[in-house]
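The following pair of complexes shares a single chain, subunit A, combined with subunit B in the former and subunit C in the latter.
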Partner chain A sequence: MKEGDSTEELTNELLEQLTCQTVFEIPIFGGIAVDEAVVVTWIIMAVLTVLSIVFVRNLKVENPGKVQLALESVITWGSDFFEGIIGKSNRRYVPWLMTVALYLAVANLIGLAGFKPPTKDLNVTAALAIMSMILIEYSGIHKNGLKHWCVHFAKPVPVVAPIMLMEIVIRPLSLCMRLFGNMLGGFVVMELVKAVVPFLVPIPLSFYFDIFDGLLQAYVFVFLTALFMNEEME
Partner chain B sequence: MLRIDFNLVLTMINLVILFLILRKFLFRPIMNIMEKREAMISDGLKNAEDSQNQALELKSQYEEKLKGAGEESSQMIERARQEAKAEYDRILQDAGAEADRLMKSARETVDIEREQALRDMKSQVASLAMEAARKVLMDEGPGAGGRTAYDQFLKEAGDPHDRTEE
Partner chain C sequence: MTGTIIAIGAAVAVLTGIGAGVGIGIATAKAADAIARQPEAEGKISKTLILGCALAEATAIYGFIIAILIIFFLQ
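After this line comes the complex of A and B, so read on.
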């Protein structure tokens, strides 16, 4: 086997892994192609829903069981974390942030279960970023009013107004690209390592790229979203 | 990989649906249960505080009552002492009056007896004098000598009282 052949083979395999395959088409509006990422998201949603229903049964005010205690401490930890950033008065946004964090954590780790992580698809990260953008601007308008939102672009001096306006798009763009790039890069690096040394070496690297990086990116995404919201609500 | 199409919208819809599902099945129930527990705990603390306050109030009431009882008992003792004193005084006074009365009656009896004795003596003296006079008269016969002897006798034996009585 020539070296060129094996490289080409690897490239093809990587490209195939990276391409978002269309699973099926919904036969309306001239056919809507439904990607793998969306289907995997549906699977994640189903799993999360079933787990929620299973674990959240039989909640007790007194003498909670071990499962309930664990669940409560996780939720408390999450809500304390977000309330610490956006303030106790804005706790209504906390469930959304926790939902995104949970979804991202599961989506980034689902590669371990053999699925293609949805976050490797630009559609998904873009959708998440657009939702974050909407939330960031909505929280600012809801808190300080539309007039203040319009005026605040010209502060502290009107010269910065173009930059402030660009920030509306730059913030979600950076969120989107950071998440997408990290997941894609991690995946590519892992594939290359596996192609070069398929034995033992990928294990510690897999812990870093598949597990740690995935959780870290989930954390960074919701952390920055909360931070931007807090900035907007000042 | 690098294409943006309708899947973006699908993903956004998915996210919103996931949010609604998780809020209904995960966050709301757990937050509710934790709020309930918090309310229960704060209720319990409040109840404990209330009962403590009540107990303290009762305690102060009892202390007040106890103090009142002490005062009342000391008042009672004081009153009893005063009554006893009054009784004592009265008895003492009665005894004094009785003693006075006894003394007075005794003195009266003594006076009466002395008067009686005096009267007896006077009558005896008179008879003696008569006897003596008769004797003198019989010895010397009637005359001035007898008369002077009688006067002399009277002078020697008589009492100023007797003269006034005579």
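After this line comes the complex of A and C, so read on.
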């Protein structure tokens, strides 16, 4: 009977972690509920904003400091990477991609600091995926014009038009589900391992599931977005 | 009794992982081959490999999400 009890306990704990609690309500328009994920996102935004302000203070053209050199090499590496995917002529989208990559990397790793990762909430990943979807289609329309965008659905042969139309929805759906499923999967596996062996074994697994997988998924999300944009802009 | 059937359903849903595992294994083997043949193209190969793995992994993730939904919302 004890076996069943511990299983129930674990299920309840997982369920509690899965549901997004409402932290407080904004008392206008009949109460707008603010979820935990939104509050953690605000914290991430505040930290990133403060860090950017701190790091870009006292930048010099001559005799740059150590911090400035490190910052410059990181930013150059990032913008080179994204320009390599979407092409030099479309560099206007690079800051957006780098911002999302930074946010996702911090959001996936924030579980280590004791917060609940916002990417474990389906609403957050869905919102990010919808932003990606709008940007993908916008980049195509901006580059090639609305007429080309309407015609390109029937490009090789008109028979594929329904599939191409479905792709508009499937691409962000897959982005959203991939990020959410990976974060949730890593979390569930970690909880199960901790429940079975709470000593020493979770440490190497935590390196994989918490750190490596989080960074990899942040990378994959922006990489795929950039790739789809490139496809759309051809 | 229903609990057992739900658990079996979730286990069947998670079997999608087999496909993703085989696919990623094949992709990695070919990537290792390609890098051995042309070490200078490693950057491009690993970029393509990560993309392919991310796409192949999606099926496993879908199966996992379905399994989670079965366990938590069918009770």
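Annotations
The definition used in the following text is that the second predicted complex is superposed on the first by the 233 of 234 C-alpha atoms of A that agree within 3 Å, B and C clash if a C-alpha of one lies under 4 Å from a C-alpha of the other, contacts with A are read in each partner's own complex, and residues count from 1 in each chain.
Here is the rule we use: a contact is a pair of C-beta atoms (placed from the backbone, for glycine too) under 8 Å apart; a residue touches a chain by one contact, two chains touch by 3 or more.
Predicted, not measured: the structure shown is a model, and the values here were computed from it.
In the superposed model, A:71 lies in contact with subunit B only, and not with subunit C. In the superposition on chain A, A:18 makes contact with both subunit B and subunit C. In the superposition on chain A, contact of A:203 is made with neither subunit B nor subunit C. Contacts of A:227 after superposition: subunit C is touched, whereas subunit B is not reached. Residue contacts after overlaying the shared chain place A:174 against subunit C, while subunit B stays out of touching range. Of the two partner chains, subunit C is the only one touched by A:219; subunit B is not. Touch criterion met: A:48 reaches subunit B, while subunit C stays clear of it.
Judged by the number of subunit A residues each one touches, B leads among subunit B and subunit C. With both structures placed on the common chain, the touch criterion links A:184 to subunit B and to subunit C. On subunit A, the patch touched by subunit B and the patch touched by subunit C overlap at residues 18, 184.
Residues 18-20, 32-35, 37-38, 41-42, 44-45, 48-49, 52-53, 56, 59-62, 64, 68, 71-72, 75-76, 79, 95-96, 98-100, 102-103, 118, 120-124, 126-128, 130-131, 184 of subunit A are the ones touching subunit B in the complex.
Residues 47, 50-51, 54, 57-58, 61-62, 64-65, 68, 71-72 of subunit C are the ones touching subunit A in the complex.
The touching residues of subunit A, when paired with subunit C in their complex, are 11, 14-15, 18, 174, 177-178, 180-182, 184-185, 188, 216, 219-220, 223-224, 227.
Residue ranges of subunit B in contact with subunit A, taken from their complex: 1-12, 14-19, 21-23, 25-27, 29-31, 33-34, 36-37, 40.
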